[in-house]
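For clarity, chains are labelled A, B, C, D and E in written order, and residue numbers in each chain start from 1.
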Amino acid sequence: MDISSVFFALVAIVAVVSALLVVTCKNPINSALALVLTFFCLATFYAMLNAPFMAAIQIIVYAGAIMVLVIFTIMLLNIRVDENKKHSHQLALGSVIGIIVLMMTGLVLTRGKVSQPVGDITNELINSQGHTELIGKVMFTDFLLPFEVTSILLLVAIVGAVILAKRKLS
Amino acid sequence: MDNLNSYLILSAVLFSIGTIGVLTRKNAIVVFMCIELMLNAVNLTFVAFSRHLGNLDGQIFVFFIMTVAAAEAAVGLAMFIAFFNNRESIDIDDANIMKW
Amino acid sequence: MFDNVWLIPLFPLIGFLINGLLGKKIKNETIIGTIGSVAVFASFITAVMIFMNLIGLPANERSVNVKIFSWISAGNFNADIAFLIDPLSCLMMLVVTGISTVIHIYSIGYMHGEEGFYRFFAYLNLFVFSMLLLVSGNNLLLMFVGWEGVGLCSYLLIGYYFHKKSASDAGKKAFVMNRVGDFGFLLGTFTLFWWLGQTHDVWTIQFTELAKNADLFPTGGIVTIITLCFFLGATGKSAQIPLYTWLPDAMEGPTPVSALIHAATMVTAGVYMIGRMSFLFIRSPETMLTVAVVGACTALFAATIGTAQNDIKRVLAYSTVSQLGYMFLAMGVGAFTAGIFHLMTHAFFKACLFLGSGAVIHSMHHALHHVHSHDDAQDMRNMGGLKKFMPLTYLTFLTATIAIAGIPGFSGFFSKDEILWQAFANPLHGSMNTVLWAFGACAALLTAFYMFRLVFMTFHGTCRIKAGAEKHLHESPMVIVVPLLILAFFAAVGGYFGVPKLIGDLFGGIPNYLEHFLSPVFANAEAYMHAHTHHAHHSHALEWGLMGTSVVIAVVGISVAYMLYMVNPDIPKKFTSAFPVLHRAVYNKWYVDEIYDFVFVNPCKALGRLLWKGFDVLVVDGIVNGVATVVMAFGGVIRYFQTGQIYNYAWTMAFGVVVIVGYYLFK
Amino acid sequence: MDINVAQLFQTINLNVIMPEIILSVLGMALLLVNVFIPSKSKTYLVWLSLIGIVLAGFTTVTGWGSNITSFNGSVVQDNFAMFFKIIFLVAAGLAVLISDQYVEREECNYGELYPIILFTTVGMMLMASGTDLMTLFLGLELMSISLYVLAGFNRANVKSNEAGMKYFLLGAFSTGFLLYGMALVYGVTGTTRVAKIAEIVSGMPSAAGNTMLLIGMFLLLVGFLFKIAAAPFHMWTPDVYEGAPTPMTAFMSAGPKAAGFAALLRLLLVAFPALKPEWSDLLWILAVLTMTIGNFTALRQDNIKRMLAYSSIAHAGYALVGLTAANSTGTSGILFYMLSYAFMNIGAFAVIILVGKKGEPNGTVMDFAGLGRKHPLLAVTMSLFLFSLAGMPPTAGFIGKFYLFSGAIQEGYIWLAIIGVMNSAASVYYYLRVMVFMYFKPAEEEFDWVTVSAPVALSLAVSAAGTLIPGVIPSMILQYAQQAVKFF
Amino acid sequence: MSNILSVMTFLPILGVLLLLFIPKESKGVLRSVALATTLASFAVSLPLITGFQTNAEFQFVENVPWIAAGPFAMRYNIGIDGISLWLVVLTTFIMPISVLSTWTAVEEHVKEYMICMLLLETGLLGAFISLDLFLFYIFWEVMLIPMYFMIGIWGGKNRLYAAVKFFIYTMFGSMLMLVALIYLYFLGTKAGITDFSLVHFFDLKVDPSTQTWLFAAFALAFAIKVPMFPLHTWLPDAHTEAPTAGSVILAAIMLKMGTYGYIRFAMPLFPEASHQFTPFIATLAVIGIIYAALVAMVQEDVKKLVAYSSVAHLGFVMLGLFAMNEQGVTGALLQNLNHGISTGALFLIVGFIYERRHTRLITDFGGLSKQMPIFATIFMIVTLSSVALPGTNGFVGEFLILVGGFESSLRWWTIVASSGVIFAAVYMLWMFQRVMFGELDNPKNQKLLDLNAREIGLMIPLLIMVFFLGVYPNPFIKKMTPAINKIVAHTRIEPVKTAKAAVPTVEDTAPHAVPTQSVNPHASQPVAAPASH
């Protein structure tokens, strides 16, 4: 068990615990903060996977943009604590289904057969050319169209957010 | 490759936790956060696969998922606000006018 | 000339159309009546001319088919509108048109002032048309057309006073009972057609063709089935047991109708049919026996009922049933000529009797009407001593009564005696003969009794009509009386067409015209009979003896009636009080109607109601609506899965994923 | 790994995505126009959008018969995609036409509506023409996010809010599964290009034994099954359809459903034909479930929008029958049916819009009482749509169903076809029920004279024509549908 | 004029278009236009009779491609032969009468009403002339729609239930037929058939077990339409609630669609299966005859009674069809016409009194003869025609059916069925008695007016046909005969060879099937024997 494995285990534990906190915290703010922690953990994993660009935008987009937005909304709406009333059946049923999903996914992963490496991207290449550049090249060649589509997607999101959230002028 | 499997298992765990959250939580924003958690689990899978396969398609995919997540966040949160404006609540329990 | 045979049914049809369509406009009774009568009379004349032509032919050529057009032809089934002219049909045409003419004329007087006078004549003409079709059609199907047609007219005419429930009930009953018989007729036709075609590739329903191929039929077996079916038809039409109950009820119709349809013509259609199919009937001993037994039983049975009826027309009705029984007895013992002979004589005297009773009722009605009495104009208990008020009617009535009672010299004697003799002597039924003869004889006794009871109660004794009414009783107008006289004349002398050889020889060889005339028609049957039965020779002495016996029987019957109703009128009352159950049973016609109601009518209605409310509404619609209800209920249930709660929806989705993934995982 | 720009641009053929470009550009332009022309009435936007839509349709049609991939294989212009694009354009065009009067009445007349509809259409088009999982995903998301907005468009309305929220949360949830499936497929095949996936899967010795691939494929389907409202992923449909503004409901019922089928068809028949034994069983069951649940629940609905929502679930079920068959008859049937469905369903919703009153946009079936007497023409049109939905000849709905069920029978799925037609017979009841109210019952209160604005009238005319004409001379459209599915 | 059939069929559509432009207030014009259209259609149909060559071929054929996409090729293929000729003419003949019959009864929504009538006519005619299975199905379904509205809008109290029941009942059956139709088509394509043309499928050899299922599906659809016991319960409801013209068309024409379907499609397409099902169907037919008669007997509503009588009559028709010999089929087809005329007339008659009294309960009447003599006469004639009195049309058909049945393997069934003639007399005459005879004691009936000129006028053609068909049916039969012979020969299982070979295969492959003719071996043997073949 080398050091990276230990590190992986530690971060993984943190990620799982924080994810659990997201689900269990009564206060949405706490959930949000726990989620941010999870995002950080994932960013760590990306870095470990030699994908520094992904780690960066993980933090920038998720932790930086999305979660700020979420927290802002929570504050705006002044939501403090989650419900007092208990919905035991909801909890139970949800948990059961979730756990089944977990077990099944595990089974799927262990039974499945992953493809052999097909690409030519190696650690050496990433180290030599730089991750961002490599990503950029692929994105603007093979995946140019999806990339362009994201622009419209974001435009729609903006316009939509404006329409939906605007208060009635009266 | 052990390494890949641990990532995959981890992402599966996160995905399931996210699912549980969606199924159990009542606050719409928390539900939304749980969905984000699910998406992140998927992202982890993608990146892990991408690394294993040695091509960057998976990472590109993650990039797009993030964009979509951002867009969804914008629209979703705006929607919650609109809902809150009308109902003074963002409990999904309260979204029950229409049924049957 | 034969080619013009279609004119015979056509005239009445034209009469029917004119009166039926325009009668309401014409209004004038005389014109309507004249049209109706002339139409029938024209037929009569034509029939006479045909008859003349026919007897001009050699005996073995007296069978002519006249095809008008092809009616139905499908596959190997072929039915033409075509007529058969042979001695039998010719005789029937003469009888039908002749008596019809008389009765039409009578009706002009009798129906005077009735509402729907035109309707009456239209129906009457239609009836004559149908009857002529029946007797002259050259195939089974055309006969069936007439067969049903007369049933229809009977229905219409019985229900002539349709506002009376009893009348329309009686009409319906007549029609339905006839239909039961028709059912048999149809089945017989089908079986005959199918069997002959199937086994011998002879696809026909034409009488002459069938007769030509008669030898193809075996004895008994299929023929028994066929003939029994036909006989069922005959019992319906000719009011034999078990389908006789409609006939007494049919007296609801106007009296001329009773005379024409329910005495002289239509009801004898069954007899005619058996005569027409004699070549077939003779080939089934079982059927012949059945016919004979049913005939004998009906003759006796109806006679018993006739003794206890008080309604003048009902007595005559039961008498008709009884006499028809005689005819069937004759047919059943293979005495076809005798049967047809009795048919003819019966037509004369029974028509006369009915018309006479009609005259009486007419008069009674008139008288009772004058004193505003609601007494029944047909009830003999209200009559008595009418002789002096309506002498001519009395005279004709008495003649006909004597004829029916079988007093020698009158027509009934010859025909009835011939039947009784044949019943006794004909070898067809072996040991049954005596029994059949005994039945016939008993019936003869009863006939003489109740007929004279009728005469005594009506015309003799004291006048029992409501006080003050008797001065309104009077003889009928000439238009009524003349037909009575004509018929009475034939009732008296009609028998001389068929004088038995025995008597004929006695009087210097008077030939039996009728037998000679009809013999080609029954030749096949006769030949078969001769070939297949051992013809026992009976002595002339025996025949004379039996003849004497029947005369004695008649006289005894008359005497008893005289004793009971003229000399000592208390005896019947004492008798009834001594045997109340018996009397009530006889008076109520042995409760046969009630039994039929109980056994057939009510169960059918109950079953219909059960099937409707029970099966149709409850079961079938229940299933249909039930399925709909279940589906709706199911929809009602599953819609509640749609709780409106997001997490429920999410669960469902996740659950779906789990199930399907699980399926693929553990497949 | 250098980029040869010239080579790169060689792979890009903008003609392939010309309709998308036209609509996107128009959408953006309209956003600006809306800002700079402060007119209270937005009807001009309707006509502008319509021009763009027609233009896009024209460019689509001119490409008929070509089969060009572009953007390095992430998008394709083939008959299949083009046929679906026409369907989307029809749906969008009709939706645009029926919106104006409604939003005006409901006082949510924001000019952004039309651009969003156009962007939605772009998303749908990408779903039809995308040959890369990423394109498909982004197309789907573009469509979905726009639809979330459209569902919640009437922001002052509680039901609209609720509809938007439900749609959003459940849609995002299903996206989670979709993405996980994509990830697994990516893991197994190492690519996101549909063509390559097909190549690899068919080359696999035991593709059916690879659980990861199977599950990946299935989770992938979930995302699209959700969009077409197939059971058990249909739960959102009634609520969202009921709550969303009626024109949006109409649009939602026609466009995204078609888009979902476009994606499903391409994935199942291009990427995973090798796994047909695996997915056809599943679809068989889902088709039966979907039809039955949809129809049976619709039987008991009084709210007409909700009823049509359940009915749209049922219709997804019918189309799934064709998908199960997966032969040219069935698939061309889907294409035909989706087009017909766009006409008839949007037409029906147009009538609902007209009959509805301000403030109570959720008409019940009872609101139709007496329509036949007061507005015979409107009632006749509605009857036409309903008969078509019920699958009565001579309407397009019948021909569509005929081909769908024929496809199943051709492949030997007799029982599926029988269950289908039985469902179809049961569905007649609730369609007839509307007609019962329209014609057989008198109006409960005085019926206001319905005003029909020009765009709505046009949309009704087009819908009616689109419902009736293909029913009488269907080969006009069917032959194109046949060509469209030829490459499967 | 080579496209005479198309003109005839679509002329009513033209009428519809015309009606659309006539304001709904001018009811007289609307009615006249509708009447003129139907009359024109009738006039156009007359050359069919004169121009019809007496042979077994389809005539006046129009055959052009219609749909061609994917595996399917549908053609607009129409034409008539002896079987459909008279049904077509019956349709065009009845339609003007129906239009005229509701001249005054329908006062509301005249325009829509007339449009419905005309659409209905197109649907009916189309179904009778279609030689393309798909085209037939289209018309078959289309005719439901106007009828549904006619019952639902202009019907009686319980019209809603009746209309919906009618529609869904019929729809249910035809849906299964659709599946069978498609299945059959694909069987055909395997054998090289390239379109839906009926004639191509006649020669298709379908294996017996498949035939069983296909036949069952077809038979179910047709049985519902006929309607056969126990699928008849929609009929009394539909008839009772429908307006007069609706009932007339329903009884006179629409029900014929079921029997026509059997003879045109179900039987020749699936001869082995037809034989196999014969005892079953005959049993149902006979049960229907007796059952409907018994139920009719106790009905309180005149219309319901007539409706049940229809069930009984059509039981006869079914029996005749499944006798599968010339007489039986001829009789059945003739009876189709007869039933159309007689029952159509009966419904008109019920309509007359309903229009006057707004009730159809038998107990509300009685003694009408006195007040309405013309009516009484007409009613009587029609009643008698309905009870198959010789000389009227009903008799010829019924007799031929029974003869045919008797010659076939269905002898015992026929014997039972024959008793139907008794029951028919019972219920019809009893009804007639209760309505027309007796005292005129209900004061409301005492002011009834007799039929007016219009009413008499529209009954007269029917009465003429009653007698014409009764007295001289041969012209009708002659035109049918070649076509019937062809179908009978086609449907008949060849006597010696296949009769032996077919029976075991039928039993092997279809153990679930209803008893085959082997149950009645001595009966089936002679049927196949006629030397004419």
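Here, a residue touches a chain if its C-beta (ideal position, glycine included) is under 8 Å from a C-beta of that chain, and two chains touch if they have at least 3 such contacts.
Note that the structure is a prediction, hence the values are computed from the model and not measured.
Note on connectivity: the fewest steps through touching chains from subunit D to subunit E is 1.
Shared contact partners of subunit A and subunit D, listed by label: B, C. By number of C-beta pairs in contact, A-B leads when A-B and C-E are compared. With centres computed as the average of Cα coordinates, no chain lies farther from subunit E than A.
The central chain of the assembly on a C-alpha centroid basis is E. Greatest centre-to-centre distance from subunit C is found for A, with centres as Cα means. Our note on geometry: subunit C versus subunit E, Cα centroid distance of 37 Å, whole angstroms. A separation of 104 Å divides the Cα centre of subunit A from that of subunit C. In whole angstrom, the spacing between the mean C-alpha positions of subunit B and subunit D is 25. For the pair subunit C and subunit D, the distance between mean C-alpha positions equals 79 Å. For subunit D, the set of residues touching two or more other chains reads 134, 137-138, 141, 145, 148-149, 152, 155-156, 164-166, 169, 173, 184, 187, 190-191, 211, 215, 238-239, 426, 429. The set of subunit E residues touching two or more other chains is empty. Residue positions of subunit C touching 2 or more other chains, listed in rising order: 639, 642, 644, 646-647, 650-651, 654-655, 657, 661, 665. Two chains count as a pair here when they touch; such pairs are A-B, A-C, A-D, B-C, B-D, C-D, C-E, D-E.
Subunit D meets subunit B in the complex at residues 133-134, 137-138, 141, 145, 148-149, 152, 155-159, 161-166, 168-169, 172-173, 175-176, 179-180, 182-184, 186-187, 190-192, 238-239, 242-243, 306.
Against subunit B, in their complex, subunit A makes its touches with residues 8, 12, 15-16, 19-20, 22-23, 28, 31-32, 35, 38-39, 42, 45-46, 49-51, 53-54, 57-58, 61-62, 65-66, 69-70, 73-74, 76-77, 79, 82-83, 87, 90-91, 93-95, 97-99, 101-102, 105-106, 109-110, 114-115, 117-122, 134-135, 138-139, 142-143, 146-147, 150, 153-154, 156-158, 160-165, 167. If you check the complex, the residues on subunit B that touch subunit A are 4-10, 12-27, 29-30, 32-34, 36-37, 40, 43-44, 47-57, 59-60, 62-64, 66-75, 77-82, 84-85, 90-91, 93.
The residues of subunit B lying in touch with subunit C in their complex are 19, 22-24, 26, 31, 92-93, 95-100. Residue ranges on subunit C touching subunit A, taken from their complex, read 647, 651, 654-655, 657-658, 661-662, 665.
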